[in-house]
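Below: a set of structures, written as structure tokens.
What follows is a pair of complexes built around chain A, which joins chain B in one and chain C in the other.
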Partner chain A sequence: MLTLIRREIRDHIVYFIAAVIFSAILVAFITATRYNLDWFGSAVFGAFSVPLLVILVLGFSAMGVTQMYLDRNRKISAFLSVLPVTRSRILTARIIAGLLAILIVLVPVTITATVLERIFAPPIPASSGYTAEILTTVFLMAFACYCLGLLNGWTANKIAPTIGALGLNFVLVSLVFVKGFGQDIKFLLVLVIVACLIRTWQKFMSTSL
Partner chain B sequence: MDDNVIKVENLVKYFDGRCVLGGISFNVPRGCIYGLLGRNGAGKTTIIRILLGLEPATRGQTFLLDTESTNLAPNDRGRIGCVAEGHNLIQNYKVERLIKLCKDLSLQWNDESFGHLIETFRLPMDRRVRDLSMGMRAQLNLSLAMAIDPELLILDDPTLGLDTVARRQFLELAIEVIQKQGRTILFCSHILSDVERIADRIGILAAGKLVVDCPLEQLKERVKKLRVIFSESVPVNLYLTEIINRQIRGREMTITVANWNRQKQTILETFKPSSCTEIPMSLEDIFIECTRPSDEPVQAA
Partner chain C sequence: MRSRSNYLIQVLAAGFIVLVFLSLSLFWASWTCKSILADIMPLDYRTVDITPSGLVPADFESDPNMLRRSGAHAHIIHPEAPQSLGFMNYFLGRSPAGRHSDVYLLKYDNEAWHWIYFDSSTGRIVCRYEIKERMPDATIKRKMVQIYVGPEGISETPGEDTGRFTSPIVDISDIGWGRLTLYDKKLRQFFAVKFRKELEFIRGPQLPEDTPYRPVDIGLLSKNPSVLDLYWMPPDIKISKNNQDRTLYRSGKTHTPIRERDSDYRADKYMLVLDESGQIYLLDRETLEFAGPAGRLPAPETFFPADKRVTPDDLLAYRVLPMILKEDHKYRGLFAAVVSREGTALALAVFDEKGVCIESEVTRDNKQGVSSSSAVFFGTPWAPVITIGKFLLENLHPPILSLASYFTANSFEAGSGHRAMLLLPNSFIAMKGRDARENIATRFLSALLLILPSIVLAILLAIRVGKDAAIVGLSRKTRRLWLLGTIAFSLVGYITYKLTRPKITLVTCANCGKPRRPDTGICHCCGSKWDVPELTPPAWRVTNG
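Presenting the complex of A and B:
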């Protein structure tokens, strides 16, 4: 399994490097806004955070699409499947690699946000756990978009996965902006993740390689 | 525990409503070298892909090493070496990286044998697979398949793209594997002389059916091509069954008959031909005769 995960990371190293860079940008952005919130103003914070969030979800969706699209068109799984590897292991390794990329972005951000919250947040119960709630939703959204990418990427057609994944990602991101970071949106994102994973699994396990 | 390493039971496969395999059944016993022959599009590669679990069957079942193809565990796959048609290796990898990946994923790896093969084939480690010639890719694929000391070797047109020298090297290598006890090989090729050289059982696919499935020697024994000259005109009906091909020129008739036996010989003798001579047939001749349309099956006795 480790070999397969390593292979996924190495084959899609661009996304992992981008994740590290993006994580650094996010950490810098959060730190800067916390220290200079008055100067920045909440409108400026909002104006920057929305495109960052869109880039984040589109990046992970693109990663999912690329992993599946390249696999199908380069017949990577067809080659791996004649080695002592099962299809389920190939897909599991792929999903673990995707999760790792998401964590590379979100773990440093979470640590930074938690530390800053402890330093700056007022000691009232209303503000505690707010950061955790936002980051959980962002994690679920990023993973949901990644799973949508996986689902849409398993095709020989280039246009359909791009348009399909883009459309569905915008629906998801819009939903988060409309509904906020509450429990209902988390439930919805979990449902999307489960549905996408089941369908991807079923497609990948039963299709010709 | 069955002694058949490969079992194919009533295998049916449709592609877009077109029947490619119409109920194929055959077994390959342990230690056997099975040559699967057929014209382009006959379904040889489809059978192999279904056997390896890369393609789902429409109906029927296939088993490798006593396990259904769809349920092959890594432990089973680790005992099977495979050289696929077109050599679908990961094209954008460097040779060195591909070898490392295969080695890391394999359950066993014979460094000595692999090193020997790489040296023999002089494969460049620093080049990408896509930059290798077709022949080099075939050699790399074969080396990777052999490095795991496979119990079962599945070769789908392995010599495709190889030059004469490389083809000879490959065959010698295959013979070396055969000499190791208990190794089973399923071998598809268009080069019938290669198959004739190493196979001990032959299957011929035509129009989605397995028209021949018997040992090579028996096949040569049972399919006969005869030149029969009659004193008068050639009889309209010879009352012989399983005539694969018949050509008449004056008083001379050339017939190819499947499942030739004493009974058929007696029937022919009742017409009192002035001469009856057997024309020796190579595997290629038999293959051409058997893959003509409207064949009758030649089954093992």
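Presenting the complex of A and C:
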């Protein structure tokens, strides 16, 4: 499994490098915002973070599309199948690699946000829920978009996955504007992730390589 | 068996994805329609004025030097403002002093944090504030004090047991004057803390379970202030410049408002309590006992006339403004303004000091004589087009969810209805569900008429799915399920079918000549097996001549 994950990372190293760079940008953005904006300007902070959120989730979706599209068209899984590897392991390794990329972006951001909250936020327990709620939603949104990318990428057509994934991602990201960062959006996103993974799994397992 | 259950899981997964994406797309399309309707809504449809206000004594209103009579003014700012969407609502609601926030005050002043918040882990309200002590050398020393308020009293140390609040409703309007009043829903008691000069804790009597009081809001009663504005205009009386009253008269002016404005309002004896039934009561600020009714939230005129007794959850926004004259500080009555669930109608009512409604007004189209909730859909140029667009978009929604919206029309809080994707409490069918005029059967039939396009579309799509499923060779049971699913979910069912349809290249059946599935033992059209018995040649022959 580790070999498969390493292979996935090596094959899509561009996305991992981009994740590191994006993570650094986000950390710098959050730090700068905290030092320059009033603590109560959370709405302003939210408005600034929206474009970054869109870029983030589109990036992960693109990663999912690329992983599946290249596999299908370069017959990577067909090649791997001659080795003692099952298809389910290939797909699991792919999903773990995607999760790693998401965590590369979000773990430093979470640490930074927590540290800054400890430094700047008033020491009252009632104001500590923001960071956890927002970052959980962003994580689920990024993973949902990644799963959508996986679902859309498994095709021989070049335009359909690009346009389809792009459109669907914009629609899905708009869910944040409709529902905010509460419990109901998390529930919906978990269901979307599960549904997308089931569909991807079924497609990947049943299609001839 | 396993492949059958796998197929079911695939269909459910695909169906859910389609449902989410279609509902989300329809939500934005419908939101755009509602926003345009709100934008083109004329001022008449969103404004209500009551003049004279009815709460100022007649001797002032009939003064010969009167320049302008007193009045109350309410208007809808924008019902589909971005604040009503979840993103802004989340930040506004959870920011300090927000509707869903446990932090009632949070400010950084004089290099120290001041706060008042409810600590749900300990069940106490924590107040941190500054006091000034005069020292023997006449200097003033600032000192930060933190107190912990529970239902049993106040403590200055965190360890002391003062009981637990469970779900407090807090009036934050008097925090600036060093007073906090709260009601605990579980304990059914009012509490007040005065903390500015000397600490004082007041505990009201416990409300018996059999009393109708179920407070949901206390103090300055307001919901969604970004949607609704309410203010009162004091009477304007011409005066002579040598008047001795120095407080409100400005030099260089020949006339001035003689009554204090609502922004200067400072309640002395009573505060307002809003009950979950929509009734408003007066609460004695010192004894924390109910002092009688003060009024109730008025009912706006909705598109389909709904129940006249509205509750706070039925309203997108409300504001209540108590009136106290500066001269005697006597409670005179209140103004209550509300916005309907859909944000298309406004009602304003004036109640006297006994809680009797003395004046009420709703938004109307004065030219056509219809309520604003009807006029907004059809009264302005282009409004009918947008309304039809909204209606058609609602009919692309799955009929089963439209019916669920009808049956749950009153179950959702009005604000959350503007963020709803699957069940639509603001759709026409849900409005019909709240119609209070007709009996259940007539109302249901009318509701079915409202989703008739949706039902017709669902049936057409179901026929298409049924035909295709028969060609593909799905079993009779599966076909029936697809038919039912497509009728229930309309477009969602159809798209799901298209996505999960077995992708099989059919071959010609040797027996019936129709296309058949190569992966089944028998032909789904004629039921013959693969090995068709060889045809026996007839004994007769056609010969020439």
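The rule we apply is simple: the second predicted complex is superposed on the first by the 196 of 209 C-alpha atoms of A that agree within 3 Å, B and C clash if a C-alpha of one lies under 4 Å from a C-alpha of the other, contacts with A are read in each partner's own complex, and residues count from 1 in each chain.
Here, a contact is a pair of C-beta atoms (placed from the backbone, for glycine too) under 8 Å apart; a residue touches a chain by one contact, two chains touch by 3 or more.
Please read all numbers here as calculations on a predicted model, not as lab measurements.
In the superposition on chain A, contact of A:196 is made with chain C only, not with chain B.
When the two complexes are superposed, the chain touching more residues of chain A, out of chain B and chain C, is C. Contacts of A:188 after superposition: chain C is touched, whereas chain B is not reached. When the two structures are aligned on the shared chain, A:168 is found in touch with chain C, with no touch to chain B. Contacts of A:130 after superposition on the shared chain: chain C is touched, whereas chain B is not.
When both complexes are overlaid on chain A, the residue A:80 reaches chain B alone and has no touch with chain C.
Of the two partner chains placed by superposition, only chain C is touched by A:178; chain B is not. Against chain C, in their complex, chain A makes its touches with residues 39-40, 42-43, 46, 122-127, 129-130, 168, 171-172, 174-182, 185, 188, 191-192, 194-196, 198-199, 202. Chain contact summary for the complex, chain B toward chain A: residues 49, 52-56, 72-75, 77-78, 80, 82, 84, 88-92, 101-102, 104-107. Chain A contributes residues 3-4, 7, 74-76, 78-86, 89, 206, 208-209 to its touches with chain B in the complex. Within the complex formed with chain A, the chain C residues making contact are 6, 9-10, 12-14, 16-17, 20-21, 24-25, 27-28, 85-92, 94-96, 101-103, 106, 108, 113, 115, 117-121, 126, 419, 421.
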